[in-house]
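Shared between the two complexes below is subunit A, which has subunit B as its partner in the first and subunit C in the second.
Take a look at the complex of A and B:
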């Protein structure tokens, strides 16, 4: 009986995949992503688009929280900055959307250096508080500079036209989002297996040991901040286009909690976990409304009057239950299942 | 001059509310090393329960006080036992996220159980205006200041003289040694949660009497963060002083600079404090840093 997979060289170790089966599954997954608009109508398609945007944001947060172990409660700040950078540059200044997307990554990245530098000395609890504070400050600044941001009335955002091709229908916007999603996955996978990615993991696992190995903690923590907020900023811009309207109210504080909940549900530090978690949490309200409609009309009217509260209640319960019962998330469950499958009938 | 006096008076009153909640943060942090992000929400729930009691007994202040303090203690003990205790050995991220999860649940539960509308809470003569040498304040605003000073005195005496207070300080300074000396850290944690809930409940109820009772009351918890960071996360009495400073600063900023900046003044202070003096004005210098 096979006792496990063994990798003998560094190249084998950092290869993204070495199994034909996995390649086949990736191919099937890509086909499904391409085929989705032919099967799903408006609502289903917009739900999948939202899942993808959320997954991009969650992968961004994963770089900071999952890999480097820095807790951030201020991801909404970078989403807001990304969305506004895109909206202002394309709608107010008339820049091409591709440049808008670049700006949507760069502006939050610069802002993250400003937030990151004073936070570098802090860990754990204190970092959570500074990032929380900076989220509120960014929201305030956006409202204050109303000449640029239109204040609380917000900015309308059109679907982008890139190289003369208009992403004007839901299906086309879905493909654009899918493209960004695949790019993000590739970027994250490659970052993870590079020198930087290994350094980030080392910092999370034991920062003193990492420092002894010659990892410059300040530089690498800043890398993590910048990379994370670049990706989160892009997801913010996509979310702005998705809503076709950018305001501060479109990015409530609940979004930052949702992002952390996604990582917890999916499994900290795993890219597949971030995607699974996003699918799970975005799909959750739909499942709930299905269950409520099945429970009868009084439950349905409760759902329609207080949807936001029920969503909050569910997020809270999911966070607590997962942390309590399945701290490694869905990916942990999957790994347990796989181990049981290979080793059965032995325990280990 | 009168404008300044009014700003100072209302700043001190709201600062006392922040101070009480900041004290609750500090009590829990000092004895368990956990920052309870749901503290403001707990104060809000207690205020709602007090309101429900007051409407059914025609605002008899003694029954309301007894009922809501009793509820606060039971509620805190239940939360601590069911949700927090099993998480104490988990990494810091899990602990933070559990309390954040609790805060989201409480916030939603308030609107589902009661409603989302603001209410007027009238207990005794709490919302009557009192004239203090030209500055008009509500009785509840004076009451909250009195409550803060009573809490400061009570906490000081408690930590200084009572057996339990000494045990709490022992657990705070070295958990393992305290346990070897026969201190039950579980009991200390229960006491800390109960005391914190009562303090933030008093803050929530008095704030609701002085202003109004609404589901946005939880924001008091967020506003109390700057206070406890300024005073020092492990400094109970320092946090109370921090609350007063934050309250007055906020009102002065709101009165003289801009009302938008008033909302975030506290958060700007957090970032400045954490950059310059992360352990706060009165805290112990043993913060994690690299």
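Take a look at the complex of A and C:
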């Protein structure tokens, strides 16, 4: 079996793809993304759109938690800020949506500097709690400044019109989201193969050695925080448009836990893992309802009466199972499978 | 002509009431291999942590090429030419050998976050140029066969060699090696000894070595600096230091009739 490709030049090591086969698979993947709206109806399409938005947010969190090893429970705050930055600038001020998206990245990025400078001296649990606190502060501020944010009644958000083109149907909005998704993937892949990405991973693996190599720990932790918040902010704006309504209630604290669960299920530190995890966890309720309906009417009525509890239960169970059995997540499973396939029938 | 490269003057480090390094004065000149020896807990690694900017000094001064390091933040020491390896492997274990050594090139590269995200122009050119440099180091250390392996899967001896490569990638003027041959067999040790001599002679990098392997120390050092309880016992040529009564005492202890005074001394040294 083929176990890899022979590389002769440095450029081949830097390039994102290493073979025609790989490029072919990416092409097929892109075709599937383009073809999806022709096959799926309203509900299926909105589910895939939601998966994409979630994947963008998960990739954002991955920069901070997966690469740099800093656990944040406050990324929902940056989603909220992104969503409100977009909603206020486009709906209340009438700015063009493209500027709204830029603002949806920049506002959370600036906020993350304010949160990050004092709190990034901390690590582990302490940082998690500090960022959690910042999430509550942001929610409170949004409710407090109701002149700007409309308080608890929220802001209605229209589908965007960019350069005269209206993304007004579900399919068009889906394509817009897919575009943002692809941009995010490319940006993350590029960061990962640069000195910046290597520095972040160096900080996670061994901060003392990283400093001796000349990496300014405080600056790079802040870079990671800012980049993460920028991406998460964009996903927040998309989520706001998806719901067509931005309120604080649209971004419950459970999202922060869900985001960490996505990274654990997908595989910490892996971009593909963040995407797989997002698809898995967003798709999970659908699979559950399918299984319950297949099990008969009594199971179905149980699901309809206590859907929320079952969802929580399943999240918990899946996180425990992955941490216990496959800490490298779905990406770990995939790599194991690939290794087995390459080496079969011998063990090694 | 000897040129002063690294100069330590009366360097002291205290943790609470414990003085880990007490008034060490030490020079490393260009083209020299200097070894620091001493029993466990003598303060050798603490001394390295001070020189490489991991810990701040309590008093005294460290300078390289005449520039005082007192006001230089820890992550900028590398820019002044101080590279090091760690006693217990400090590699980035999820990265490949190439990735690890590339981190050593970090401070030489200038790509910003935005350029990196776009991977365009300078970002790409710079990446290629520095990977070229990394390949040279891989050639030099004869680790071509493991260049794409994830570091965590390598043997201890190989990992040590990768760490040496990462330190070399920082373009040091003086290289601090903390027990680089610990846990290696005879053959691996001899390989490393050859590399150390090559690094000095071909790459013109001075070397400061912490080592317990006395054969290695006596073979390759120009000078040996002996520490005990954070204080200098003696410094000089390998043979002189080896036969110095203070050094023998530090390693082997007093004769039995002197046992009591030694205990008193030990207590005094820690206070």
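Operating definition for what follows: the second predicted complex is superposed on the first by the 336 of 348 C-alpha atoms of A that agree within 3 Å, B and C clash if a C-alpha of one lies under 4 Å from a C-alpha of the other, contacts with A are read in each partner's own complex, and residues count from 1 in each chain.
Just so we're on the same page, a contact is a pair of C-beta atoms (placed from the backbone, for glycine too) under 8 Å apart; a residue touches a chain by one contact, two chains touch by 3 or more.
All of these numbers come straight from a predicted model, not from anything done at the bench.
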item	value
Combined model on subunit A: subunit C and subunit B, fit or clash	fit
Which of subunit B and subunit C A:130 touches, first, second, both or neither	first
Subunit B versus subunit C as contact partner of A:217, first or second or both or neither	both
First (subunit B), second (subunit C), both or neither touched by A:243	neither
First, second, both or neither for A:284, with subunit B first and subunit C second	neither
After the two structures are overlaid on chain A, angle v-u-w for subunit B, subunit A, subunit C in degrees (C-alpha centres, nearest 10)	80
Which of subunit B and subunit C A:65 touches, first, second, both or neither	first
A:47 touches, of subunit B and subunit C: first, second, both or neither?	neither
Touched partner set for A:185, first subunit B, second subunit C, both or neither	neither
Dominant contact partner of subunit A by residue count, subunit C or subunit B	B
Partner chain in contact with A:122 - subunit B first, subunit C second, else both or neither	first
Shortest CA-CA distance in Å separating subunit B from subunit C in the superposed model	10
Contact residues of subunit A, present in both the subunit B and the subunit C interface	211, 217
Footprint of subunit A on subunit C - complex, ascending	52-54, 73-79, 83-84, 86, 90-95, 98-99, 102-107, 109, 111, 113, 115-119, 123-124, 127-128, 131-132, 135, 166, 170
In the complex with subunit C, residue positions of subunit A that touch it	10-11, 13-14, 187, 190-191, 193-199, 201-202, 205-206, 208-217, 223, 227, 269
Parts of subunit B lying in touch with subunit A, wherever the complex brings them together	35, 83, 86-87, 90, 92-94, 96-98, 100-105, 107-109, 111-112, 222, 225-226, 229, 233, 258, 260-261, 263-264, 267-268, 270-271, 274-275, 278, 287-290
In the complex, subunit A residues that touch subunit B	65, 69, 71, 73, 118-126, 128-130, 132-134, 136-137, 140, 143-144, 207, 211, 217, 254, 257, 260-261, 264, 268, 306, 308-313, 315-320, 323-324, 327
